[in-house]
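As written, the chain order gives the labels A, B, C and D, with residue 1 at the start of each chain.
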Amino acid sequence: MPNSLGKLFTITTWGESHGPGVGVVVDGCPPGLPLTAPDIQTDLDRRRPGQSDIVTPRQEADAVEILSGIFEGRTTGTPIALMVRNADQRPGAYDEMRNKFRPSHADYTYQAKFGLRDHRGGGRSSARETVGRVAAGAIARKILALAGGVEIRAFVTRIHDLAVPSAVLETFPTLAEVEATAVRCPHPATAAAMIDRIKQVRATGDSVGGVIAGRVRGVPAGLGEPVFDRLEADLAKAMLSLPATKGFELGSGFAGTLLKGSEHNDAFAPRAGGGVRTLTNRSGGVQGGISNGEEIAFSVAFKPTATILQPQQTVDLEGHATELAARGRHDPCVVPRAVVLVEAMTALVLVDHWMRHAAQNRTFKF
Amino acid sequence: MPNSLGKLFTITTWGESHGPGVGVVVDGCPPGLPLTAPDIQTDLDRRRPGQSDIVTPRQEADAVEILSGIFEGRTTGTPIALMVRNADQRPGAYDEMRNKFRPSHADYTYQAKFGLRDHRGGGRSSARETVGRVAAGAIARKILALAGGVEIRAFVTRIHDLAVPSAVLETFPTLAEVEATAVRCPHPATAAAMIDRIKQVRATGDSVGGVIAGRVRGVPAGLGEPVFDRLEADLAKAMLSLPATKGFELGSGFAGTLLKGSEHNDAFAPRAGGGVRTLTNRSGGVQGGISNGEEIAFSVAFKPTATILQPQQTVDLEGHATELAARGRHDPCVVPRAVVLVEAMTALVLVDHWMRHAAQNRTFKF
Amino acid sequence: MPNSLGKLFTITTWGESHGPGVGVVVDGCPPGLPLTAPDIQTDLDRRRPGQSDIVTPRQEADAVEILSGIFEGRTTGTPIALMVRNADQRPGAYDEMRNKFRPSHADYTYQAKFGLRDHRGGGRSSARETVGRVAAGAIARKILALAGGVEIRAFVTRIHDLAVPSAVLETFPTLAEVEATAVRCPHPATAAAMIDRIKQVRATGDSVGGVIAGRVRGVPAGLGEPVFDRLEADLAKAMLSLPATKGFELGSGFAGTLLKGSEHNDAFAPRAGGGVRTLTNRSGGVQGGISNGEEIAFSVAFKPTATILQPQQTVDLEGHATELAARGRHDPCVVPRAVVLVEAMTALVLVDHWMRHAAQNRTFKF
Amino acid sequence: MPNSLGKLFTITTWGESHGPGVGVVVDGCPPGLPLTAPDIQTDLDRRRPGQSDIVTPRQEADAVEILSGIFEGRTTGTPIALMVRNADQRPGAYDEMRNKFRPSHADYTYQAKFGLRDHRGGGRSSARETVGRVAAGAIARKILALAGGVEIRAFVTRIHDLAVPSAVLETFPTLAEVEATAVRCPHPATAAAMIDRIKQVRATGDSVGGVIAGRVRGVPAGLGEPVFDRLEADLAKAMLSLPATKGFELGSGFAGTLLKGSEHNDAFAPRAGGGVRTLTNRSGGVQGGISNGEEIAFSVAFKPTATILQPQQTVDLEGHATELAARGRHDPCVVPRAVVLVEAMTALVLVDHWMRHAAQNRTFKF
């Protein structure tokens, strides 16, 4: 089931960029959760194209329709099907892509794998697929907020070579701070520079990438299922399943390898009110694959958008060398719209792990 | 099934550091593969403690016993059970750990999750669990080599702040070059410095980490199952499921976010003899979650070993602040022994994806 | 994922009797299959309410909409989402069921499990959910027919105590013979009696059940995945997952236990043109959990419809004894409409097993 | 993972009849369960060959070794690996089977599926594989007994044409009553006749089958995961995954189809002390795929043992007609030893469903 994620709280996404629509089925949602379309729409609007002048101008209302699983405003425990119709399609803009593979896109690999492909707007490989993830993620996030008091925040820490001051990495910005700018970087000065940079590269038909930080607070100790379904392993998979991602690191990450053990270890201390805390958090909130109750902290790398408006060397379906200059609407930088994707994937992983943990450790008492 | 990995070629590992033994069951192995214990032992010996003077002195022959699934030297398609008995156990060396949580180890989180734990040598969270992964990985690697001509190579590219020259990252070293030094870095001068560094930190009761590169050649285009089981997503999960890992990056990785799209894209060109190749490989051999036929290239970050011989601040089972100075045998740097783990996990992911791809795309013809 | 079935060819159904609609997502469908809405509609029409005077008069066109996964008339290997809008809803007819549990329905158990339920028409437990199964089954059946020459036939062998002559059980009726009567029994005289019986019980506000036989020919030897995913085990599960089923038997079934081994065993003989056949088929086409190339033969028991128009003793939401007389439209006998369900489930199991078999046994050559 | 069963409480069995041993890995076991080898051995002894004069004389102590997952007498939540060494092997007794397919055995289908097979004693298709199921089932049963007060009982209700009086089917016999006779039928007079019948057929080199009833009491309402993982669907699959099974029925089963709805429905009544009960139990304790709190009741058909000592017509590996007369030790009737298998499979399904139910319905509160 390559289009499903999660063992107990499971989502299955479907849909292509230029088909009738995109959607998701959420199976395993706990019953009794108050849920209405606006709960979901809020996050969809943060992902929506056309939301600012630094993202793709494709016009999509992305209005969610709830098709099942809700009765009188509450989840019933049965599958929740959600659908968004595609509206602003311009398949003609993609005619050249029918026969030419766009460099660093999925055109060639889909053709090689399946023997045929829906070339319009990238078909299934389009980031439009993530509509379903965000819709499902909104449900997961509501569960975590209501039942667990968990807060999830993602934000942009670097665009191209413009990075926030390192002190910002130690903060847990508010949603308002993140949403204050179109680039979703909570440091206003850096955000302004980032927006300028994105407009510059767009003007030259080029693109840039960047880094998003993910933070979670309120997760109890105990989530994560070693040895293979370690919490960071499932977070890594979830993030690397997003289009355009190239890397994941937890806590100290790659930089942590520059420290000695004596510098890197997180000393334990009693937590006021009982329990245990760590004095530092190089572990990123996960030890031995299991949450330790500290803030979960990770970063995700997004490559520069593959679609650029400059001519590129490529090959056609018959295997002949040719040249391609992309048309069609696209984001000069996917990172600002990916912030809500990182949050959605995080929420989905956490709800699933919370249920798995409870199943093994809370069902039976001896 | 948190202790299983893979959908069609599935491994299930079991065992603790100081229990009777460790092992693995491989389910779904193709029938007819010639397989004997030495095929597996070769890789186990590369993981074995006591193999050099920079790793833990624990003495374990790690001799594998094949318990099922082989008949007259060939796999039968039924589960292959493999077991290694634990030999050199010194549970007494871990008495202090019964009541004290070792910083940046899994002691506290296992206790928090399960309410009890086998504290001896870290129990299930010990790297000794990876014996089963390496044994299963040896089978996967043999399948890939025999049936697909696939070569997998991992090697150390950095220990602490000692990195190989960047030109080395462009090479595909031979197994002999990797195995030439105890640290498994194919650049002899850097390897010598790394070995010195490891001995230095051991002498001070400290530890270091580093980075391992993974490389695969011979993988055909088409492996990877979007949207969630993208090849890089499953590689990321597999790597982050290894103890002590903190990060994963594919191809250009985090550094790739410093490039513009026009610099980052991999142009396509006709491949001599038919097909398509890329002129550069910033994609790391995967595009849109599917292999493109180029070399697969990634890196994994390993933190400094959490076990150090210096006194550390911690908490005991009753929640009181205390101090702990580790005893017991350990690696001052896990990276050299982790090379074969990275190779094993890579092989396991690739065989599983190869079978999944064939199932969907090769079973039926229309 | 309780609403998903299949490991490689996976369906996920969603929807309630009186929600916006019902549907299914098919994940893992092989690419390149020619597929249009009429391919699916044909089977949906066989399941459709209102199709004859012995089934429920609920009026539903059940027109399928293909939402994804098809491009220019062929499957692309990506998820196929199918939806049918609900039309003829009369939620008011179910007001009494909000507070009273219908005997031998799922009302009480859904309430007990989830703490709330959509009572309208049985909500998720309605047989309306099987629309998605039939739609997905039509795809599976087309794959089997086109790529494997496999024929699947189900037919009614008993309604209440009216059974076909035993000779009929040895035949493989044509689709036309099955569809010739509203009751889908290929023996015309028995069919006429069955139809009379159904009309009789309907007239008294009562209901009846019966038995459906399933037959498949053209399945090669080798499908089935011991030890747990034996072919008959997965068939049994698929059939018992259908509403109103009470039993499953393969080949000789329960009656076979009345024979001695010397009477029951199926002798082997050379098959003309190579291979092996059995002289009898008490095995039902499966031996040791794996198809042997003979006709697959099984039976499924369906209980009398739980909805009857006679007053029944029950309990309300507050736990008080009360009485309930069903209203709402219903089938006096579900068996005729269940024939296509049995075929659909059979097709789904076979395609999934075919792909699993090929994955393990055809991917790699040694 | 064809050799694994269960989504949260997962068992993976391995081993062949004449390999080094057989075993199982249990993943997902709740932590804190007191568990020692004798807890498991008790059930293994009920499955053991050589236990009476109506079963196979193969001598196996079947002494279980616990290899992992237990610390100081309690489960730790990590995988529990259990192993039994094979002892009384006589591979030479099976030489003829290397080249000839035994009728109604799995010899031909394994050969057809995998292209090779371990012919000794049936290899993987031997009922010896069920050692692992029984060992794992003993753990599941202990969980249910300790934490839920659940009792599981299976017993023989028919051997060949010798059936217990129908009143016996309404009882819940004690374990002592079941174990009182070698045939495990709790009705002494019938049991005596059954034992005679088994000895008779053995004397003529023939074999018989029969029917086993399964009963469970103490299961709360709410277990079962519609629409596909209905409780009876998973029970049916578990039972049909046992060697030699040909049918499964729940509650009224096939006979229930002879009743009208007004006769078949189980009226609801208030339960003393709160809740709801049914006045009859034709549903077999499951409604809409979910347990309703009543006794779970089902039956399983076992065919006559395929191994008989009379000459039979068959085919050899080269496809030539030939004759085969079995040698080797075998059971003239597998049913008495299968009683504990039915109990084990029932326990495994129930624990898994209990955990799944709790995960969705008890983890989060709104």
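The working rule: contacts are C-beta pairs under 8 Å (C-beta built on N, C-alpha and C of every residue); 3 or more make two chains touch, one makes a residue touch a chain.
All of these numbers come straight from a predicted model, not from anything done at the bench.
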item: Steps needed, at minimum, to go from chain B to chain D via contacts; value: 1
item: B-C against C-D, pair bridged by the larger set of C-beta contacts; value: C-D
item: Chain separated most widely from chain B, comparing mean CA positions; value: C
item: Rounded Å distance between chain C and chain D, as computed from the means of their C-alpha atoms; value: 26
item: Centre-of-Cα separation between chain C and chain B, whole angstrom; value: 45
item: In chain D, residues with contacts to at least two other chains; value: 2-4, 7, 13, 28, 31-32, 77, 113-115, 124, 356, 361
item: Residues of chain A touching chain D in the complex; value: 7-8, 28-34, 77, 143, 146-148, 354-356, 358-366
item: Of all residues in chain A, those that touch chain C in their complex; value: 1-4, 7, 10, 12-16, 19-23, 25, 27-28, 31-32, 65-69, 71, 74, 76-81, 83, 113-118, 123-124
item: Complex contacts: residues of chain A adjacent to chain B; value: 2-5, 13, 101, 103-110, 112-115, 124-125, 129, 158, 160-161, 201, 206-211, 221-230, 232-241, 243, 245-254, 256-270, 274-276, 278-279, 282-284, 286-293, 299, 301-308, 310, 312-315, 319-321, 356-357, 361
